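Below: one structure in structure tokens.
Letters are used for the chains, namely A, B and C, taken in the order the chains are written, and counting of residues starts over at 1 for each.
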Amino acid sequence: MAVTEIIDVRTTTRAETIDITSLVRAAVKRSGIDDGIAVVFCKHTTAGLTIQENNDPAVKAALIAHLAQAVPHGAGAVSAATNADAHVKSSLIGASLALVVEAGKPVLGTWQAIYFCEFDGPRNRQLLVKVVG
Amino acid sequence: MAVTEIIDVRTTTRAETIDITSLVRAAVKRSGIDDGIAVVFCKHTTAGLTIQENNDPAVKAALIAHLAQAVPHGAGAVSAATNADAHVKSSLIGASLALVVEAGKPVLGTWQAIYFCEFDGPRNRQLLVKVVG
Amino acid sequence: MAVTEIIDVRTTTRAETIDITSLVRAAVKRSGIDDGIAVVFCKHTTAGLTIQENNDPAVKAALIAHLAQAVPHGAGAVSAATNADAHVKSSLIGASLALVVEAGKPVLGTWQAIYFCEFDGPRNRQLLVKVVG
């Protein structure tokens, strides 16, 4: 029935956003469900998932820069654990996305892409995609 | 089966929250599914969706004011794109909501309303509502 | 069919995170659905839900401390309502979580737990869990 699809992501720096739209699209297609709801789920507490612009690299940079400024690495209130900033960023961005599926595809706006957000890399990460119809 | 409903929203200022509860309720009812899960999805990367208080206008103002202060328009780290602040706010608030549906209605707490959050208006915006049972 | 399960939570301080993983697991089991998607929904606008680390208490403390610093209680832009900070924190963290369900259980990473986030306690709170397969 509702099979869970797995997406593996390899990150290469401490904090970055990686466009996973084509990987999510392929996972939804593999599920064989044409019409329904998909959940993309991040199994890690120092990373997250967001939907952002698919075109201007300045937007991705702005998101990482804002979070670095708002939740500094190793500073002040969040210094108790060395990577506490990454955990806080994960809770601010969120670990799961709920998407609409139509004609076997996740529906996105013209300028939208799905991004995996790494906050404590480089690491090997695993995401789940589940579709119900 | 699981039809996708469309909600059109017209915003009138750069940053505002618009109560879309009655529009979402009508969309869920049109879906014909009495019991299940609904996803409300925003097709834009400079806007978002949140659940907030339905009564005190000071709460809506506080959310917009906090975000304006935390992610200033055109300042510092987020100046690379002129509306980069709106993109960052969109990722902080989120582009989709997952709701519980019972008796043909999205279940909300006594004080909850569903808000569309505009961060780069005024614009015409489109939301999707999908229900599975 | 898709029954809605209720979880009651009693908080004891103004701002805290409470591990509700076992409560969500029990609710998913009670639903009788082995495979699908679960939504955990918070019926309050001064609280939220997040997924965070299940081990190091410093991480929970860092999240509360960051939010206290970023959205001060009773200060500046958010002073219009006395608990406006709690409302803003609720929108930043979010009121619902979408989870993947397999073999009758919500799937979590090794280090993940599900937390209820109280921002204006102590109070009695109610959460909903809905599973569709």
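The rule is simple: a contact is a pair of C-beta atoms (placed from the backbone, for glycine too) under 8 Å apart; a residue touches a chain by one contact, two chains touch by 3 or more.
Fair warning: this is a prediction, and the values are worked out from it, not measured in the lab.
**Q** Same residues or different residues where chain A meets chain B? The copies count as same if more than half of the interface numbers are shared.
**A** Mostly different residues.
**Q** Please report how far chain B has to rotate so that its Cα atoms sit on those of chain C, a copy of the same sequence, as a value between 0 and 180° in steps of 5.
**A** 120
**Q** Taking each chain's centre as its mean C-alpha position, how far apart are chain A and chain B in Å?
**A** 19
**Q** Residues of chain B touching 2+ other chains?
**A** 37, 39, 70, 92, 94, 97-98, 132
**Q** Going by the contact rule set out above, which residues of chain C touch chain A in the complex?
**A** It comes out as residues 35-37, 39, 50-53, 56, 58-59, 61-63, 65-66, 68-70, 92-94, 97-102, 107-112, 132-133.
**Q** So in the complex, which bits of chain A are touching chain C?
**A** Of all residues in chain A, those touching chain C are 1-2, 4, 37, 39, 41-45, 70-71, 76-78, 80-81, 84-85, 87-88, 90-92, 94-98, 126, 128, 130, 132.
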